[in-house]
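As written, the chains take the letters A, B, C and D, and residue 1 is the first residue of each chain.
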């Protein structure tokens, strides 16, 4: 009988992969507590949540599927413009606005997935970069749609749930971003701990072997790419609603590179790595570019080089290595 | 008895070179069939044509009565044709249990439902665990595959292929690279493959071939030179000539 | 007494974690020609690739002359005196014949012109690029390229593989002259067993990465039954593994 | 009309030549080692600033400043290769891309710190400022100079690659790296030399482009895209491919700006995406 118990162990461990653990509760409570602890920085904290959501969307691709994208801002930007255009058209309810932003970005992601599914390594990086630049350039030219260099602004966003008006201090903005971020996070968490999510990890580990298990890779890629684009679109939509303006910068290469940095900084493939990386990145940018915007670029480059040369696995990987293995 | 896997005049060219030049192969249910031949005989190409990794220039592949010539790899696996690989191509950071679980979930359809929880797939987890244990891997089943011994990885290759519950199993050099001290367990694993699965194996190790094969096909220059029982093949002067390389005399 | 040219001692090697050579040991004298025989997949080509540094060495040592080379980069092995003619020939597609014979040449008796003396056919094609040559010419070029490195030991991996019979004779002749007339030490991996045995002084037979026979080629050539048993196709005595040794779990799987 | 078209084509070719200088070193290093060096644009920018400093602060003549740009960029490239790139040869493309983007960002910040965010002005020598007339066609002297220098260097480069022992070794290593090593050649050291040469050429390209497209700290990011397009479309390791792709891109860009000013760079990116989708290995590239 003892044999049966010891044999059951790996089984229960695999079933427990998706179980909610206490450090997660601490993490989210700490985030929520920021509302009280840093009342003067709520706008910045809202930016952290938005960036975290965006990094989560890339984590789905890179961390769980092994698909690197150098143009992920495309979907972020599409979501932002979609939300802003909807608001400009007179529909100011924010939650449906987010759904719309996610849906538009998701459609574009679905279309792109057919292009992406074929490509690997350098070609993949180059094509995603080209798509990002393409969109940036298109948005720059299509002034009737995007406002070009001036961007879109001057639209109203209705109170969240009809109750909470967006205020100058970012109270509503932070809570709104935190709430949306938490819900999306829960959904993604559920997704990556499903059998489908496990199949994605197999895809990341050995893309050529997956068809021999009977799995259609193109379908996997289409699902994930679409979902990732939806999440990126929601993040973009949040930005458009919270700041009540959209600038061309949402589609910039710097934003695509930035989200990649957040992810490798925090540690890809863990969900929490994306959030932590985003927080560190946004706060560091705020502090360092407060000193001098020119220096920020220098620090950014240095962070990147350091992550690649010494910090394998990002901050989360570092935290795991320090006390040995605890899992 | 009708063949579970059959090819009809299968051909494949690379440029001007015809690597597979009209192969007719038939595998009966439960067969133990070995495919041998000198280097460059086109064995790997034939396997790739059978699994769908390559498309034939001409000819058909029929699996359990259905023409699968135009189906991609994954669809053939779903219809009962699994394979192992010559060199371990596993999932280094997944555990053996996780890897087999993916394959089992694919078969049961759980993989297609992103809203299902892994914790809810107890039937699949139990089945994956049984399969892993059957190959003597229970002690290492939740360690990353990349940390396993080579022989254990070869066993996992076979377990992964069996997780699809295939009708036909293609073993591509199952013993390649396994050190002598680990080979006994592999041999017994091959001997213990379910009898209702037809097995086609490509192998250089003649000991393995003559121990397990009930029929042997000799492939030379993309064509079938001989097919017969192990005794017939071992005694065939033509086959001996090819294997001793005496054609230059 | 002259020192050994090559000493391979308990060599274990393979691709990644796979073991292809298992505790392999043998020696060669300067100027010796050694045939490496065995069935497909026993590790013959891997042995040459391992000597050349293209396969991971797990354990053991390789001494060439005075140098221990088991763990140094391939280019250092060339400096120590190795040259390699790979099975796939691996001719450079954008280099001409002339360039193949000069770009990496090392000082010694073999020069571009003396190599042309051995392979007159190549001199006629000296301005052609690698891809414009026939299979036999590519094989000659691969050998010629290796010779310009002036090796103390030349590694030939199935030089007759995939050649038309008439070309086999021509390339075979060149190798024969190389070994017999110039005293070049070679390790020859070849599926044409009798050709290899007639050409070489000694033969090493591998099975599953281990040496199962090492002795004069002439003896092996004369002993037909032994040769058949070592490299031919034969029915194994299948008694070494019986069902009693199977793990119970696998046996139950059979009935499940 | 014909004169206009001819001048347009002429300008496109001159622009293409500059792109070729900036891209050809990267193409060889990509083909040789598969090293994705996105910082190549930063090397080109370095060449540009060296030219500016040499001419404006040191008072060197234009023609003497060009070799200086080449030399400084080549030395910087060699140092970068020996200290940092070497550790990343075995790493994945993503790591290489991230690290070199990091270098780009640091270069941008450093350039802004040292020279300010504005455009750099240089005074060109008189013989390169005017216009030259060929019958009805009138072209700028500087572009004519670019084309002549470009043709000379391209021919020199191709000849060197064809004739010199180093060139033959580079071609061999691009064809088959393992076999080149098995012929006794240290491909790692070869790579350092090629990297330095490529960086030098990039620096020269950057120096030549100052008077053509201007120079400010955003240069590496702005031209990164064009360089990568040239290299990927032309195919890694193919000199001919890089040249053709660079000239095509130069022509296309100039034509686009003239005929379709609204579309801007859009058309070029679109064509690139299509080409890469159709042939991921590039127009002249081979599948690895």
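Rule of thumb we're sticking to: a residue touches a chain if its C-beta (ideal position, glycine included) is under 8 Å from a C-beta of that chain, and two chains touch if they have at least 3 such contacts.
Note that the structure is predicted; figures quoted are calculated from it, not measured.
**Student:** CA centre of chain B versus CA centre of chain C: separation in Å?
**Tutor:** Spacing between the chain centres: roughly 30 Å.
**Student:** Rounded to the nearest whole Å, what is the centre-to-centre distance of chain A and chain D, using the mean of the C-alpha atoms as each centre?
**Tutor:** 34
**Student:** Just give me the whole-number Å value for how far the CA centre of chain A lies from that of chain B.
**Tutor:** 41
**Student:** Which integer distance in Å separates the CA centroid of chain C from that of chain D?
**Tutor:** The mean C-alpha positions of chain C and chain D differ by 44 Å.
**Student:** Please classify the inter-chain touch graph. Allowed labels: line, ring, star, complete, other.
**Tutor:** ring
**Student:** Name the touching chain pairs, please: which are they?
**Tutor:** A-B, A-D, B-C, C-D
**Student:** What part of chain C is in contact with chain B in the complex they form?
**Tutor:** Within the complex, chain C touches chain B at residues 14-20, 22, 39-42, 158, 160-162, 165, 168-169, 172, 190-195, 208-210, 227-228, 231-236, 238, 241, 243, 245-247, 249-254, 256.
**Student:** Can you name the residues of chain A that touch chain B in the complex?
**Tutor:** Answer in residue numbers: 7, 9-11, 13-19, 190-191, 193-199, 201-202, 205-206, 208-209, 211-217, 223.
**Student:** Please give the residue numbers of chain D that touch chain C in the complex, ascending.
**Tutor:** Where chain D meets chain C, its residues are 165, 168-169, 171-172, 174-176, 178-187.
**Student:** Quick one: which bits of chain A touch chain D in the complex? Just the residue numbers, please.
**Tutor:** 62, 68, 70, 115, 118-119, 121-123, 125-127, 129-131, 133-134, 137-138, 140-141, 253, 257, 260-261, 264, 294-298, 300-305, 307-309
**Student:** Within the complex, which stretch of chain D touches chain A?
**Tutor:** Per the touch definition, chain D meets chain A at residues 30, 34, 36, 84, 87-88, 91, 93-95, 97-99, 101-110, 112-113, 117, 221, 225, 228-229, 232, 262-266, 269-270, 272-273, 276-277, 280-281.
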